[in-house]
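The same subunit A turns up in both complexes below, where it pairs with subunit B and then with subunit C.
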Partner chain A sequence: MKTVILAVAIRILIPIFIIFSVYTLFRGHNHPGGGFIGGLIGAIAFVFHTMTHGPQQTVDTFLKINLYGYPRQPNQSRSLYLMRMMRVNVWRRRKMAYHPEIKERMIRVEPIYIIATGLLLAAGSGVVGLVFGQPFMHAYWADFYIPIIGKPGTPILFDIGVYLLVIGVVLKITFVMSEE
Partner chain B sequence: MNHLLIMLPLLIPLFGAILSLFSWRYVRAQQVIGILAQAFMLIASFLLLFDVNDNGIRTTQMGSWPAPFGISLVADLFSSMMVITSSIIGMAIYLFSIKGLDKARQTFGYYPVLLILQMGVSGACLTGDLFNLFVWFEVLLICCFVLIALGGTKPQLEGAIKYVTINFLASGFLLTGIGVVYGILGSLNLAELAVLVRTPVSHPALITMAGMFFLIAFGIKAAIFPLFFWLPASYHTPPIAISAFIAGMLTKVGMYALIRLFTLVFVTDQELTIPLFTVLAGFTMVIGVFGAASQNDFRKILSFHIVSQIGYMLMGLALFTPLAIAGSVYFIIHNILVKTNLFLISGVVAHNRGTFALKKLGGVYLQHPFLSVLFFISAFSLAGIPPFSGFWGKFMLAKAGFEIDSFVIVLVSLAVSLITIFSMTKIWNEVFWKNKPETDPLDDVVTAREKKDNRLLHLPVLFLVMFILFIGVYAEPVVSMAQLAAEQLLNSELYINAVLKK
Partner chain C sequence: MFLAILAGFLLAFAAPMLYRWLGKWVYVPMALLPLSIFIYLLTLAPAVLGGNNLGEVQQWAPSLNVNLHFFLDGLSLLFALLITGFGTLIMIYAGGYLKGHPLLGRFYLYLTLFMTAMLGLVLAGNIISLFIFWELTSISSYLLIGFGHDKETSRSSALQALLVTGLGGLALMAGLILVGMAGETYTLSELLERGHVVTQHALYLPALVLILLGAFTKSAQFPFHFWLPNAMAAPTPVSAYLHSATMVKAGVYLLARLTPVMGGTDEWQYTLMLIGGVTTILGALLATQHVDLKAILAYTTISALGLLVTMTGIGTAPALEAMVVFLLAHALYKGTFFLVAGNVDHATGTRDLTQLTGLSGSMRFTAIAALLAGMSMAGLLPFFGFIGKELVYEATLEESPFRWMLFAVSFFSGMVFVAVAIAIGYGVFWRRAVKATPLQHPDKAMLYLPPVILASTGLVFGLLPGFFVTPLLRRAAEAMLGVEQVFELALWHGFNLVLGLSLLTVALGYVVYRFSNRLLSYANRFNGIYRLGPANLYQLSLKGFLAGATKITAAIQNGYLRSYIAAIITAHIALIVLSLWKDGPRLELTNRLQELSQLRMYEVVLLLMIVPALIFLFKSRSRLTSIAVMGIIGYSMALFYILFGAPDVAATQLLIETLTVVIFVLILHKLPAFRYLSHASERYKYVLLSLAFGAMMTYVILIVKQYPLDSQLKAYYGENSYLLGQGRNIVNVILVDFRALDTLGEIVVLAVAAIGILAMLKLRMQKGDKP
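Take a look at the complex of A and B:
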């Protein structure tokens, strides 16, 4: 389904969806919202992108990290080399991509790893209580207050885990369905 | 420490599954994680059993929300015995699947799903909340669906669809029942429900009606007489490692929930439930065993025997004396071990011969005498021949039946035992004893690698036979533990006090 209207519209819509999903995620503790619905809203962005550009393009745009680099020179110290590599990969990305000597290494973020990370965060937030001799999922809250997020605590961690899990599952389903 | 011990049977498989997901592409790593998770699970469940045995019922509240409001997890003797049995057979299934399951299935997430399934079993056994129980049964259903359909061959998909459709129906009934209970009593915590139904309520008949919803739901899950058709239609389709776990464990979890609910909550209308259970138990036993007698496939015979054995467990609930409930508890533990083991043995035979059809099998005794001995022990345990484990379960049930003069059901159960021996003898004759039918001699060539695989496949069978022999020959501690568990089940004061007065 390749329409120009949708393709243009989603360039504006994707950031809105993602920001709104994060907002929903963080307001979810005391108001309607939370990790599950936030994750679904966030996943809409990716689903729309897949609908217009196809799964391969979505992976290339959002889920692929390109690392640039060249082999270490014989007389170059290791720390200097690492700093160069960092500079290449962080500050001068665009320019270095076309540099003739630069080799490219690609890291693809599979949806299954997003799912696993989400599960790990959610389950791990429950274990915090067990470590201190309290029941599973006992909530611990910090004393300070962060403007948008509110009071950080273990339930937030759980919600973030659910958020990632839902995004991962929807992405996986979308990719599998659109490949058929 | 208390909280940790109850949570461990849930957390170990969960974190095992998460780690397996991270190593999605590396089957070898998943196998290592799997063996570690199973070993820890076994240790943790033994610790839980010892703890419960020493200190009585242990509870924990999720998220520190106090009892009637938050989700309680309750470990009494019955549930911890279930957990321990599930971790024993989990270990056996795991050992079997390294060599007994094809590589393609292993790479598509077999290990994480198996671990989640084990978590579901522990959760269903440990939870003290009605809705939570439903959620755990959904976890079981989804995992079973994935496992039965894994690989996607045609018979598998057919079996999976039958399985899921009928179990969705069961979930619908379960949810309706939960809704009715919540509507009448306003609570979902099992301990508080137990208190509420024992105080005079305005509509005692409505509670019985809700109980019937639960009976239908768990009746489908446990394959009780008019609702068992899905079981023989789906259990023989997936590879043996998968069907052994599902066949061994899942119906018994349904039975566990039935026993838990009908000893704790739905005890108000026993003039109705006890005769009903007696009739259902009798029919389940008889129909199951006749179904088995008419089959000619190793796995189908065993599948029908699951139905027949469920009847015995229900019979304990129908007699409703301490000894009978103890008999049911013991019988469930015994049956999980034996049934899984028989399925695994059929898997070993099929791994060598490539078929489950009795007609094409034969001469296994000559080729694998040791396996034949293992089968002999398991089959005689299932039939209930004295030194083995099935005898003690049936003995307790029959004795309990004679004590309250329910002669008919006892006679039926003894007759069914006889036909069970007939079925087991049929398998013995056809698979192990008779001469091997004429086949291509090239099939019989055994390479060194196959020999090594075979030895690995014998390991889980041996592992389970050890436990079967233990609970049969040295039955005293297990029987007394089952009696204690029955006492805990029938004195619901203990359960209520443990959950609410803390």
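Take a look at the complex of A and C:
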């Protein structure tokens, strides 16, 4: 579906969507919100992007990490090599894309990985209790307070897991349905 | 004992890796395991032979009263020694038999798994853990029979063995639980002392029937005998180990084990004697109708198992003594014969009795083993088989109303055993032949040593019966009888009736051997009977079962989403209406009607949005309009949630509606044209169903609201969500803290659903693909 207005608007709106979704996620403990709602808001941003630009474009823009690199020379020191790799990938990304010697390697973030990460976080937050000899899912809270996020604790971790999982599931469904 | 079992399981799963590292030498560690367990058991033997039963408990599921309880008495020791001793030889033999086979590691995995399970079965001191090991032997047997999985017959035989023994396993589980209920304990050592309680109990008869079903399927008793000859599709080491010496004797072991608990009643005795007798005769008869070495051995095994069951059924002291002696003798000579048959098959490429002659020259050591085993099987003088046969005859000739029938059964099987022993031990190897069967490769030490060792053990036991065997077997018989026994095994009993009968058996057996060709020619005439036999019934019932399952699946799972939803909703309505009808409170509408006057303006407006939208939805002929109208309904619902003070739910509803509409729009142009595929009356059926569901839900909610909500949950969560959960949003605190486990379950379902959608849409089957 090609609508110019939406297509342009969504590119500006996506960061706002994501920031708002994260805000909703952390707000959830004291006000309406939470991982599920936040995840849905975050997912809707990507779904609109897919709707206007097609799934391939969404994947290329948001779910792919390009790493540039070249094989280490035999006489090059290991730390020097690592430093150069960092520089290539962090400061001078744009230029390196056209460099002849530098090879491009892509890491594609499959939605299924996001689902798995979310599930791992959610289940892992419960294991913390087990480690300290408490029942599964026993909650632990820190004593200090961070603005916006609030008190960190295992339930927050759990909520982040839910958030990631919801985003992953919606993205997966959207991609599968629109790709055919 | 627990460590031995654990080591077995660990080594079993390490086998494929070991094969990758060690290549053909993999048999060394695999054989060392049973050998070391064997030696370990021997160190325990003096205590057991002194009359002490050893026990060992590992906590497993204490709340269910199921513990890994190990128990070693004479009977267990006999079986455990048999399993590990024979196991050592088989591990070596298998290394030679399947040398160079790419899946040898997997074979050792299955074989060790089986051995460990079998060991666990005989050492188990708790009938539930006994059952679990029992099932493990069935499963590993299935894997072993199906080892040559590229062949159709292997696969179907394996499945057959699994289905038959698995069916028996299910019956056994029920039976063991009933016994446990009757005896009020699942621990074997306690159960053994409560035999009189169990036999008097009302549950005795059903328990007996179920347990016998389990034992008979495992030990291939009539009418379940048919799986055993088919199981010969397995590689020969497996046939020798599982299907002659150990696994099929698990049923006999179970009967022997439970003799003090359940034995002694008329039902027990007559059933065992009848089924055992029929099996003995049938196995012996069928053995004369085949020319395949392994088939002959399989049928004589069935016959021997029948004889063992009969002996257990008689249940007198001499009969049980004869049972244990014959069991040991049979394991020794039948195992040898199977290994010899495997050697012959391996070297010549055929197992057809009529084509094998004069192999004594080319396979000297195998021939010697076969000769020794044959003489033991025929019951000739210095061998252990002779003692077994004598005792069996003595036991059957005891004073009892059935003595002549029982004797006839054992005499007949003895005769056939002699004939088979001559045919294999002598005919294949030593009979003078014009032209010996050519060999494809010379006899190998790894293949002939195990049978030679086994067969000479039979000779040594025969010559020195008092040395180790007598105390062991005496304790084994004691375990069944429950009282102290004194019996001495002796080779020579003097000239008496039994000796004369033994000689007569041998003589008649020789006659049967001479006329075996004549007997074979009758084989075709029995085809008519086979058609009615249990093997065919099994095939028919399997086919019928599959056809029935196909039909039921086609009826229930017809692939239309609407019929699934309709079924769910109909069932829901029916259940709720039923329970409301029976003892539900009555709705008092009169004073509730006043509440309508409190209706707020927004609520009326929302109602005015939803109802026309619904009617419009039914009339709509375009998909896009339908989706848009559905969206209107959904958003109105969200507004309702806001009105009634549930912002979290409202937000979720709004977002989900948005997503639904967007996703629908995404796939809109890929869907087929929007058409009414069903008849108008069909549609009204669904309208009616929805109306009924809506009406029912309304009614239920009205009734619920009729009573004041008397719940402390709300107050509890309200008080504690900030204090314990550190959050002011109660809904969220409940979701992520108080009931986080539920949420975890839900998100797991969500993840699985996403994978399911992927599978459904991506892995679309091509037409004609098998599901």
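Remarks
Heads up, the rule we're going with is that the second predicted complex is superposed on the first by the 180 of 180 C-alpha atoms of A that agree within 3 Å, B and C clash if a C-alpha of one lies under 4 Å from a C-alpha of the other, contacts with A are read in each partner's own complex, and residues count from 1 in each chain.
Keep this in mind: a contact is a pair of C-beta atoms (placed from the backbone, for glycine too) under 8 Å apart; a residue touches a chain by one contact, two chains touch by 3 or more.
Computed from a predicted model, the values in this text were never measured in an experiment.
Overlay on subunit A: subunit B and subunit C clash in the combined arrangement.
In the superposition on chain A, contact is made by A:Y113 with subunit B only, not with subunit C. Judged by the touch definition given at the top, the superposed model places A:A123 against both subunit B and subunit C. Of the two partner chains, subunit C is the only one touched by A:F36; subunit B is not.
Of the two partner chains, subunit C is the only one touched by A:V170; subunit B is not. Once the two complexes are laid over each other on the shared chain, residue contacts for A:A139 go to subunit B and to subunit C alike. Taking subunit B and subunit C in turn and counting the residues of subunit A each one touches, the greater count comes from C. Clashing C-alpha atoms with subunit C appear in just one stretch of subunit B from the list 379-387, 415-423 or 487-495: 379-387.
On subunit A, the patch touched by subunit B and the patch touched by subunit C overlap at residues 112, 115-116, 119, 123, 136-137, 139.
Against subunit B, the residues of subunit A that register as touching in their complex are 110, 112-113, 115-116, 119-120, 123, 127, 129-130, 133-139. Of all residues in subunit C, those touching subunit A in their complex are 647-648, 651-652, 655-656, 658-659, 662-663, 665-667, 670, 724-729, 731-733, 735-737, 740-741, 743-744, 747-748, 750-751, 753-755, 757-758, 761-762. Put simply, subunit B touches subunit A in their complex at residues 1, 3-4, 7, 11, 14-15, 17-18, 21-22, 24, 60-64.
Within the complex formed with subunit C, the residues of subunit A that make contact are 1, 28-37, 40-41, 43-44, 47-48, 50-51, 111-112, 115-116, 118-119, 122-123, 126, 136-137, 139, 141, 151, 153, 155-156, 158-159, 161-162, 165-166, 168-170, 172-174, 176-178, 180.
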